[in-house]
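Right after this note come the structures.
Each of the next two complexes has subunit A plus one other chain: subunit B in the first, subunit C in the second.
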Partner chain A sequence: MSRYQFSFATLSVAALMAVAGAAPAHAYTAYVTNEKDNSITVIDTEKLEVIKTIKVGQRPRGIVISKDGKWLIVCTSDDNIIQVYDSKTYEFVKTLPSGPDPELLILHPTGNPLYVANEDDNLVTVVDINEGTIISDVPVGVEPEGMGISPDGKVLVNTSETTNMAHFIDTETLKTFDNILVDSRPRVAIFNDQGTQLWVSSEIGGTVTVMNPADRKIIGKISFEIQGVAKEAIQPVGVRITKDGKKAFVALGPANRIAIIDTATLKVEKYILVGQRVWQIYLTPDDKQLYTTNGASNDVTVIDVESQKAIKSIKTGRYPWGVVISKE
Partner chain B sequence: MTDNFLKLFIFNGRQGPFTFCIALSILCLSIFGTVTSARAQDAAKEGPAAAPAKADEKPTLTIPIILLRQLRDKNPPLSLLDLPPPDEGVAGARLAIADNNTTGRFLNQSFKLEIIENADVAELIKAAGEQVAAGSGFIVADLDAGPLIQLADALAGKPALILNVGTPDDSVREENCRANVIHLSPSRTMLADALGQYFAWKQWRNWFLIYGSQPEDKLLADAYRRAAKRFGGKIVEEREFKYESGSRRADGGFEQIQQQIPQFTQNAKDHDVVIVVDESQQFADYFPFRTWTPRPVAGSSGMTPTSWHPALELWGGTQFQNRFRRLANRNMRPLDYDAWIAVRVIGEAASRKQTDKFADLNAYIHTPEFEVAAFKGVKTTLRSWNGQLRQPLIVTTPKLLVSISPQPGFLHQFTELDTLGIDKPETKCLAYAKPQ
Partner chain C sequence: MLKTTLNSRRTYGRLLASVAMVAVSTSFAVAAFSKAHAADAATPDWPCVWRKTLQLDAATIWDGPSVEGLKTWQGNDDIRKLSQFLISRRVKLEDVEAAVKKFAEAQPADVRDQKLTDLFAAVLSRSNDDRKLIISGIERFHKRQLARAKEIEKQGIVLPKAGEMLPTEPISATEIDKLSDEEERYKWDVRVFQERQQNIPVACEIPQLMDERTGAVARAIRAEMKS
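Up next is the complex of A and B:
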């Protein structure tokens, strides 16, 4: 028995050393919302350890950090409101209004306003985070969810899960100016930092559509095939793109894998096995680690981007949903 | 809302203060629900003002959909809680029209629902014929098996597609199938297989089958016999329950039932589960907790297989249930769900093809790439050999989901969803085999 313990310890040390080698220095903080536990798990990305669990409102899902890094802004869906917490002291700061059942949100690149998809009323709500007031509502399709904003802040893209569209909204006029059909149940929309590609994942359709935001023409559509995994289980949700715009990561839901995609060829380079029902993902600001929320196995997987390997699973609360990582 | 008021009343009368508090909180939630729905309605009013920029470019296409309802003379179900609402199925179709129109706003498409209801089947078929002649090709049919085939034959060769939501009958999907009918509601064999797979997973191998005297009950009993063969179950005993339902509401009644059911189920061979087959809900609810040997009851009471349950919250179902309750002020029933999918099939085809031409939409619906997202976690598609919608089915107790079938481990060469119901190699449907 003791021999096993010893070798386990040796292995752990080896693993830690490997980790330290792969992802050096900078300690960021990852915040993971636990949908079932009404809490946020706070993780130190250098130590790969949970440092705190914060109790929040009911059914926390989408989460962002304010531009100055001070606020955690969380959709507490079942409370039909948005809560703001201090990112350092974890103290509750205030609430922000939203429509019913807020799910995902995104900040304007200047840091204000906040755009919120309200899953239950076919509206995107625009909220002034300093004043705490609703500026406007934009009517979109049935069950709005995914929210992406262009790097220049001029175009907001919302996806509607039952209408199956990406709605392009002019952030000046707050009117939709184009609506592009994608495959069934679009969950996430994201621009690359260069503003040259918009990625939209379709959960039930099993595909990711890549568009040129300038003319809204479809550049390509990515399908996935994994040996030994039923086609129906491949359900793309979370998407993240590296800062240089070269690699994209797509979470494949109950296929329990992350696909790594070359953004030039739109070909899948590798599938990485993670925890169960992986939905949202987030890159550390240095693009060295990717965090994945594995809803059905109650953990996050940390992927080392360079070696394309899963390096650790970290236990969270029940049904981890959203994830965001501090800028410093 | 009405449901919750009803619960509040019943709880208050029978139970303690704790239950009362729960009921009260449900009530509060309902009130909150109405507040938010008022807000949503405001937004809907603002909708047209914020119409997308494309609106001026193209004329709006209007796609009419007919809902044909056979008003049946049926005995009410046993429980006061199960009385069917007058708009059963209709409300589901209405929600799908609203969903189609929200999408349609961005594509210059508008969907209209026309409801035709009659107890006289000949009148219904005549009315449907007139609608088809006037250019309405899509007919959602809530009809029994016989009338469905009559309607299909009356419309044969005409530009019409019938979307069956009214009968689980396997023969209309198999030996009596028609090329102009697709089936959105699950068949008896699909439902029986969904439950049978769960029994297999639980290793309840010995089944005691009790069935009613109606022709539908005998067909459903056949479906369970087939499921037993497929999934390694053994029907150790079969009994027909000859029951004259009479008046549903008689003062008393339980005294006799309390005696009759144990007596009826006495001296059965050893079994793990009782399957009670009663499609029209006339007696099945008398069986749980009253059998001679204490065994779980499933089938038409206790644990049941179904396409939908009002407490289902998986796969984004919560918002769907909320939308329905706002529209209909009641819970969504399986027929509402089936009718919702039927109307969404048409909406989905129209948004993908961006046309209102019947022939193009009908052809697209029949292609292998056609799919609809229907809050089942996977895409739902149509079987190419008989036009049956393939979908995961729910195994549930009255209040809460138990499981989803297909169960893990039931594998299939093409899709595990085809482990439910009649598969391609066994099909007897010839109409779909012929080029249309």
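Up next is the complex of A and C:
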């Protein structure tokens, strides 16, 4: 290699590295369910633009992506069924059974089965996503809602809106082995990736309860206070925790804020103003961006996690509800 | 036309049957209406699913400087006119953003953020004034519906029950006419009630749409601020 060629190659590598460093984020795809429009808005997370709107069944709410990233699995609540769409071609694939009014759902860490909370029949339905069959139904409290699963897949936690409880279910026996009372109208339950904390948000209670999944003892309870915002407008719903387990994000409903919380001290570090009536949230796989669905302003807000700033509002369909982001 | 059709074509039995059916279905509808209405004792004149909030608080859509008690905008013609333009739902969002940008660029750098804060105060104040009007309108509408529901319930009691539908003896033409009038009035009242009832969810959306609009304008203004 001549001296000229060598320096050219070095320059090219340097240029490539500079470009890579300047790129805002890896290009993932975000899928947002629009409850009122019966559609899913597809967003490119690098360009921060809508690339497609998919027509789906009636009142789409909870959404997950299959472990291999190929399927979007959506609760179409008013059709009382789960619909599956191809995440790349956006084609309809098939339906999966559920109970009446499925709302939120979660996959076992191995990718199958799927656990569905049916708001209208007080059951959690366990569905084999490949066979399209119901494996079992687990009775829980009144109006089941949030679904969390431990990283090892052994414990499923379901919250019931009216009973105000977190129900702990053994995924082997499908039996409830503990019920913990939390504040009024619990919504979302989520484990950290380390399996050392379980977070449960209470919409009417206005709090988030943090438990130790090992003994179900309460580690702490988080309250929120925002100057100028009425206490009853603070309604915690969506919760997400970074992979390292250090930071948690809580969506506060009509307070139009995301609270950023230090998981060691359980103290709120910052409130970020987002769109109106923020319900569900999702982190990109690299934990660099947080997407929030804002039901009353019909948009998603993109938050840059490092600078803790809202960087963009992207218009969706009417009443955006659930959000999931592809793994690649 | 309805009267002619009813008087000329329907037999007494069919007539009574339809009255009874309407009476039964309406009593369910009206009872459901009263129950739903009674569910929220704190706001008895409020028919919407959304919680009744008289005004949108600045802090829910604004993280800029405080606008509490800020009234300097009232003496600024440009801001007053622009704020009226911005909250009109006929104006597209891109035009809102362009107008805010143009306003921001026209301000001297040292007062730019202050003027933009004034503009937000004006937008919020005007929007909240409109909001109060809409909310009292929804309440008045709902009160009239409550009165209508009571009247229908009364009429339903006077009308024959399902089991008493079929006549045991032939009745005179005068009696049929009398009954058709009652039925007709009843049917019309039910129809008016039901049609107006369908408008309530639409009316309830208006404060939501206004808040959405005010939020979008607030974001457009905030985006032009340096602080």
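Simple rule for what comes next: the second predicted complex is superposed on the first by the 304 of 328 C-alpha atoms of A that agree within 3 Å, B and C clash if a C-alpha of one lies under 4 Å from a C-alpha of the other, contacts with A are read in each partner's own complex, and residues count from 1 in each chain.
As a working rule, contacts are C-beta pairs under 8 Å (C-beta built on N, C-alpha and C of every residue); 3 or more make two chains touch, one makes a residue touch a chain.
Quick caveat, the model's predicted, so the values are computed rather than measured.
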Exercise. Fit or clash for subunit B plus subunit C once both are placed on subunit A?
Worked result: clash
For this session: Using the superposition described at the top, determine whether subunit B or subunit C touches more residues of subunit A.
Result: B
Exercise. Now for A:Gln276: first (subunit B), second (subunit C), both, or neither, which partner does it touch?
Worked result: second
Exercise. Is A:Ser313 in contact with subunit B, with subunit C, with both, or with neither (first, second, both, neither)?
Worked result: second
For this session: Tell me which partner A:Thr162 touches in the superposition: subunit B (first), subunit C (second), both or neither.
Result: first
Exercise. What is the contact status of A:Glu119 with respect to subunit B (first) and subunit C (second): first, second, both, or neither?
Worked result: first
Exercise. After lining up the shared chain so the two structures overlap, which partner does A:Asp137 touch, if you call subunit B first and subunit C second: first, second, both or neither?
Worked result: first
Exercise. Which of the two partners, first being subunit B and second being subunit C, lies in contact with A:Pro109: first, second, both, or neither?
Worked result: neither
For this session: Please indicate which partner A:Ile204 is in contact with in the superposed arrangement: first for subunit B, second for subunit C, both, or neither.
Result: first
For this session: Have a look at where A:Ala230 lands relative to subunit B and subunit C in the superposition and call it first, second, both or neither.
Result: both
For this session: Can you tell which stretch of subunit B bumps into subunit C once we superpose, 41-49, 59-67 or 77-85?
Result: 77-85
Exercise. Common interface residues of subunit A with subunit B and subunit C?
Worked result: 230, 232
Exercise. Which residues of subunit A touch subunit C in their complex?
Worked result: 226-230, 232-233, 254-256, 273, 275-276, 296-298, 313
Exercise. Can you list the residues on subunit A that touch subunit B in the complex?
Worked result: 80, 99-101, 119-123, 137-139, 141-143, 160-165, 167, 175-179, 181, 184-185, 204-206, 230-232, 235
Problem set entry | Touching residues on subunit B, where the partner in the complex is subunit A | 36, 39-40, 43-44, 46-47, 50, 52-54, 99, 102-103, 105-107, 316, 318-320, 322-323, 348, 351-352, 371-373, 377-379, 415-417
Exercise. Given the complex with subunit A, which residues does subunit C contribute to the contact?
Worked result: 51, 57-63, 66, 208, 211-212, 215-216, 219
